[in-house]
Amino acid sequence: MSAFDPPAPIVRRLVAAALAEDLGLLGDITTEACVDPDRTATAAFVTRVAGTVAGTALATETFRRFGPAVRVEWSVADGDDVAAGAELGRVHGPLRAILTGERTALNFLSHCSGIATLTRAYVRAVGGGARVLDTRKTTPGLRAIEKAAVRAGGGHNHRESLSDAVLVKDNHLSALGPAAAVARARALWPGRMVEVECETLDQVAEAVAAGADRVMVDNMDPDGVRAAVALVAGRAEVEVSGGVTLATVADYAATGADFVSVGALTHSAPILDIGLDIVDEG
Amino acid sequence: MSAFDPPAPIVRRLVAAALAEDLGLLGDITTEACVDPDRTATAAFVTRVAGTVAGTALATETFRRFGPAVRVEWSVADGDDVAAGAELGRVHGPLRAILTGERTALNFLSHCSGIATLTRAYVRAVGGGARVLDTRKTTPGLRAIEKAAVRAGGGHNHRESLSDAVLVKDNHLSALGPAAAVARARALWPGRMVEVECETLDQVAEAVAAGADRVMVDNMDPDGVRAAVALVAGRAEVEVSGGVTLATVADYAATGADFVSVGALTHSAPILDIGLDIVDEG
Amino acid sequence: MSAFDPPAPIVRRLVAAALAEDLGLLGDITTEACVDPDRTATAAFVTRVAGTVAGTALATETFRRFGPAVRVEWSVADGDDVAAGAELGRVHGPLRAILTGERTALNFLSHCSGIATLTRAYVRAVGGGARVLDTRKTTPGLRAIEKAAVRAGGGHNHRESLSDAVLVKDNHLSALGPAAAVARARALWPGRMVEVECETLDQVAEAVAAGADRVMVDNMDPDGVRAAVALVAGRAEVEVSGGVTLATVADYAATGADFVSVGALTHSAPILDIGLDIVDEG
Amino acid sequence: MSAFDPPAPIVRRLVAAALAEDLGLLGDITTEACVDPDRTATAAFVTRVAGTVAGTALATETFRRFGPAVRVEWSVADGDDVAAGAELGRVHGPLRAILTGERTALNFLSHCSGIATLTRAYVRAVGGGARVLDTRKTTPGLRAIEKAAVRAGGGHNHRESLSDAVLVKDNHLSALGPAAAVARARALWPGRMVEVECETLDQVAEAVAAGADRVMVDNMDPDGVRAAVALVAGRAEVEVSGGVTLATVADYAATGADFVSVGALTHSAPILDIGLDIVDEG
Amino acid sequence: MSAFDPPAPIVRRLVAAALAEDLGLLGDITTEACVDPDRTATAAFVTRVAGTVAGTALATETFRRFGPAVRVEWSVADGDDVAAGAELGRVHGPLRAILTGERTALNFLSHCSGIATLTRAYVRAVGGGARVLDTRKTTPGLRAIEKAAVRAGGGHNHRESLSDAVLVKDNHLSALGPAAAVARARALWPGRMVEVECETLDQVAEAVAAGADRVMVDNMDPDGVRAAVALVAGRAEVEVSGGVTLATVADYAATGADFVSVGALTHSAPILDIGLDIVDEG
Amino acid sequence: MSAFDPPAPIVRRLVAAALAEDLGLLGDITTEACVDPDRTATAAFVTRVAGTVAGTALATETFRRFGPAVRVEWSVADGDDVAAGAELGRVHGPLRAILTGERTALNFLSHCSGIATLTRAYVRAVGGGARVLDTRKTTPGLRAIEKAAVRAGGGHNHRESLSDAVLVKDNHLSALGPAAAVARARALWPGRMVEVECETLDQVAEAVAAGADRVMVDNMDPDGVRAAVALVAGRAEVEVSGGVTLATVADYAATGADFVSVGALTHSAPILDIGLDIVDEG
């Protein structure tokens, strides 16, 4: 178990579903037609471009399901930066298993590494100070592995789900003001962070006065955020959200905010291009 | 059932899993703390940028699971192009249900619409002639809805899984030449398309002579593809694969190839940014 | 949706599994042998002893699965105190469905109401001031509905799972002191409560100095807790844990601690005895 | 496989679900933050109070899922009586796995052992003669492991589900008398025990005359049961049900009845308090 | 709920799995390409040969999953004998749904009706006296619906699974004689039928003396069975098993045995040929 | 992985479900009552009649789930013809596991071998030339293993599901003629075989002119098929369907048709009778 692994039961469930999806009812008919069951091979996971690795546990589990004759060994770990052309690890075993599992293993590995790579880019752009957070804007069903990939990239995880923190948005309020909202949340759900989304400085002031643990300043420019940070004056954490890009994140981070949350980490990261090259046959 | 809907059993299964993932063990604790169960509202799905819609069946199913008091109506259909700021449809019902289901519905809708939008961009760039295909480089577990989104964008689906077509790649061959591979595939699996991946014109010639239904010319430049098309001379379909981008796809399409397959459609499409705006409360 | 309902996807999943468990492969062979399919009836959920109600959503869902001819109506809601002999609600429909679903509905309702009733007893014994918390000592697979029952009884939920809060226990430390543990937890997992289990006042002092959000004073007597509360002096929350009973909880609550956590709420609550009495046939 | 093990497919399914429930989407964040992945330890399952053991297969399976580096060895078996402070067995392996699996393993073990302990108390109180039976009043979804725990405690299992025996209750009759009910049940379901619930001696007489295999005398006092036993005169088995407690069970057993069924065994048994103590680290 | 319906949770689960299996990842591509979504139709289930109907609940559930626009109505019920060319019922709704669901509905209906038809043939051949039983030789995963089909055909169900009755076979004995086996089974599992498989009259005598509820005379000829029945003399039930065919079953039934069990009912019944004919379009 | 194995994820899922079905909630109560846990044995799979083997992977997986103490070794492979009384393989391990898993393993093995045996009979009757195809008339939920058994018998697989090939039937047409149907299918679903069902020679001519890959001549006599083959003249494949029996298949194959599809292979094959005989104990 690495610190960046998703929970093992989820890894098992997702890999089983992905393999079933790719095998269909008949299995890998190309491999069965063309590849002798006795052939063995060694193949290397190789990056086509530079990036940050994540998802190795998913690739390992993919090949593990083909039985003990297939062995996977990694020369890097989740969270490592790798150059283009780097060898990440190797799989050795029956060629049939390697070819049949290849796409599923790569789909997981390149998806997770893509998220880690984009996260790392944001973390680097920030350069310390603020921390980079993900959001609940994840690919449906894959939240656990995407949030693990964010951690591998050096980001941190915001809420896991609707049930582990309170995040009061505009639509939750209407009749209820932020003070009442925070009070009710605290009364019902002790031990959970209470965060309030704010679009104006007045709202920030009100949320902090209400005792929020964190204010989310939404869609403000860096000057606005700086003013919010000043207003909060350490009484709560400040999270910047909305419209942050790689081009602007450094400016936002320089405001003194504690967190910058970026939905794109999980909803719009391109994959990291990784291939599986046969390096030896026999 | 629209022509662009994924199979209903898959829609149901994915939505159930996504809602369970987002609700955790305690449910939407913010909404329960802050929103009166008697409040109702109407909210509109609104695009923040222009694009092509897909995934409405998933958003509908998300809200359907909150009971008959929640109604979803669409003013667009999967496959429609929409401008920035366009209203796609509305959901009406208890405010609690709208707020609790919002993120799951949007995660599906914006993911699928992102794929449809990118597909449409490729289809437009091609401008007729060649057809745009997806690949098996899909997000694990989501292949059915991603392939439906490709169709909504005007693309077509390549293999569903390893079991519905034969695609002979370099690694399948070694001892076996393409002629033997095609013959064995035909003998074992009648009624399936047999495609052979080729990296040289010699391989193309050999694959066509072997009777392949289609050749995949991999990582050739447009001139190479044009030569392959000439060589094939209508005896098989020609599919261009590898390294095709929005910038180069028109050049590839102009070669006379029948298909251009683009992994990025499903592995690297950014979402289409869509929000759910409360338009009426009471 | 009541504030005390478990998440709907979990309700659906647990009820489906429980009915399948009770029906076996042949179904309700007694009812099929003895009861005419045309008979209808009305039956009332009636308590045999006084208590607090929880789990009505599970009983409703049980009968909902027998089709629209079966209707359930409640005259009480989760969280209500009821006297012995009180009628909680009624189910009307085909007698076969009522008899076949009876045991599953009652098993859920009486299990959840038992937890709510015991929780209410603790809450009453405390009499305000400290809040009563549950633990992760729940029946495997039933945590969501048991934590909902604790809420119905007036208690509050501690951690949902291992992933939504940090609780540093003795076994986590050894080489690492509490200060380092809290720092590492904060660095890795912003936005989560960090709690430290303490068995001595020295540990309490150390944990508070380390910046813990809460200290769990474990297996201390009330005087020890009082000393801990004085020592903490409002810099953190104080949770009493271990060996708290209905007889001692008031003494612990009087110490000024913020929370008393009681594993017995979910691991040792006897059911609330509830029956389903036919009140009308025809 | 011990005679008291639940079926292995159910053990696997329940443990997988319980671990997934406890790990959430992020996993054991405390352990990941605080515990070095290289540390190993040995921990002992130790009872805090005396009782009867059950559920060891579930605890074994819990740790088995953390991989072959974790080994569990038991010094007792299901069904053994143990003193307070007794060591039941040990788990050895990575400290992370031990701490992460601890609560799930203990929740199963202490729940099952609680049922076995209460069952053993009833069996001892009876002192031979009558046999102690469980009921269908089990925790939803856990019937198989609860019935195994009853067996470990020396009790016996009544019906597995609605489909393996006929039990005619008052509500099944109305138009139909017991004679007709028994006849129809025998005709439709040969090979299943047919039992009839009786609240009066007249009903007992009628049920026996109808050829029931067993009569359930419900809510009678011991004298009533004794009269029923005399009336039955060996022509059927007699089962006492309803309102039997540890205080009264000996009186009921002394009536000559064959069985005493006790819902409390599974619906109201407190857990047996068991801990997992680190005994060695390295 | 008819008396011949399998348990509803199993019907739902099997139909959902079967539809998912048949729809694949892309759905019914023929219907989507060729059939206008607005077309509606009425189609009739029609037998091609005479037989006995079973499985209507599965066909109904198949079409129910296409939404409320599809309605199924039956003019026969499970258990009815029908002539060749008989109309069993009709489905009305969108033509797309009818064509897409057709094969799944028919696969269930014709499989179950095939079992009911073969069962009915055995029941008729017996002509009263002995009852016809199924076995555990069922199609894996489909036992519940196959046993329901046997009931529809007029047969009865033997054991549901390994857990609801004791059936001692030769391989269970060796060291243990039948008397000890029966005694141990009775001691451990009260309330379950105890049956002993016998291949000689000596074994029959021993089993009856041991108090078995039923003896299974295995692979004896009718005279052997008759001798066994005489030997048993009403002290136990007698079941004939092994090698019974439609040609021989009457002879076996005439021996005075109580039951004839026939594995072929579920493991070798050909389907009943049923089609779905469009009778009206528009 | 043999060429005749079904996909491993499906093997695992089906075996797990079948074992759970057969074990019920209590497990194998006969074996637990009668068989000492320390006994081991060797048992042989033995055919009672001659046939063709299929499904060994399912039997292996069945026993694999009882732990590493159980070993299965095969002396034949899927696709082998075997005589009556042939030993197919052996299982060695705890006698309890052998007896408990026996029925599930045999149910799979004899079901699949029955399909392979019937397929082999058709393939032999054809004697070369035409190839024998299965259909979608499979047992619900078991399509993958039944199609693997057809391959083991020497047949070939038709469509996997509704989503991997286009098969235009009469009911798809009405307004649309075959030419339009083929064109629309080709436009929407490139790379899939397009087949058209034809009941007259005129329809055959029309389908071939429309460019169908294959025509299915349905319910024609051999002379009609011969005429169709002549008419098609190699421009498409010809598949004979409907009413083909072992008695007539040679005549149909002699027509020059490419394929004969036979629903009975999967919907009406009797099992191949296989037993598991204890050959050694100790």
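In this document, chain identifiers A, B, C, D, E and F correspond to the written order of the chains, with residue numbering beginning at 1 in each.
As a working rule, contacts are C-beta pairs under 8 Å (C-beta built on N, C-alpha and C of every residue); 3 or more make two chains touch, one makes a residue touch a chain.
Only a predicted model underlies this, so the values are computations on that prediction, with no experimental measurement involved.
Touching subunit B and subunit D together: A, C, E, F. Taking A-B and B-C together, the pair of chains sharing more C-beta contacts is A-B. Centre to centre, using the average C-alpha position, subunit E and subunit F are separated by 22 Å. Between the CA-based centres of subunit B and subunit E the separation comes to 43 Å, rounded to the whole angstrom. Counting partner chains per residue, subunit E has residues 3, 7, 21, 23-27, 32, 143, 157, 160-161, 163-165, 188-189, 192 touching two or more of them.
Of all residues in subunit F, those touching subunit A in their complex are 1-3, 5-10, 13, 143-144, 147-148, 157, 160-161, 164. Taken together, the subunit E residues at the contact with subunit D in this complex read 3, 7, 131, 133, 151, 156-160, 163-165, 188-193, 195, 213-214, 237, 258-259. For subunit D in complex with subunit B, the touching residues are 21, 24-25. Subunit E contributes residues 16, 19-20, 23-27, 32, 37, 65-66, 94, 96-97 to its touches with subunit B in the complex. Every residue of subunit E that touches subunit F in the complex is listed here, in rising order: 14-15, 17-18, 21-36, 39, 95, 99-100, 103-104, 106-108, 110-111, 114, 136-143, 160-169, 171-176, 181, 184-185, 188-189, 192, 264, 267-268, 270-271, 278, 281.
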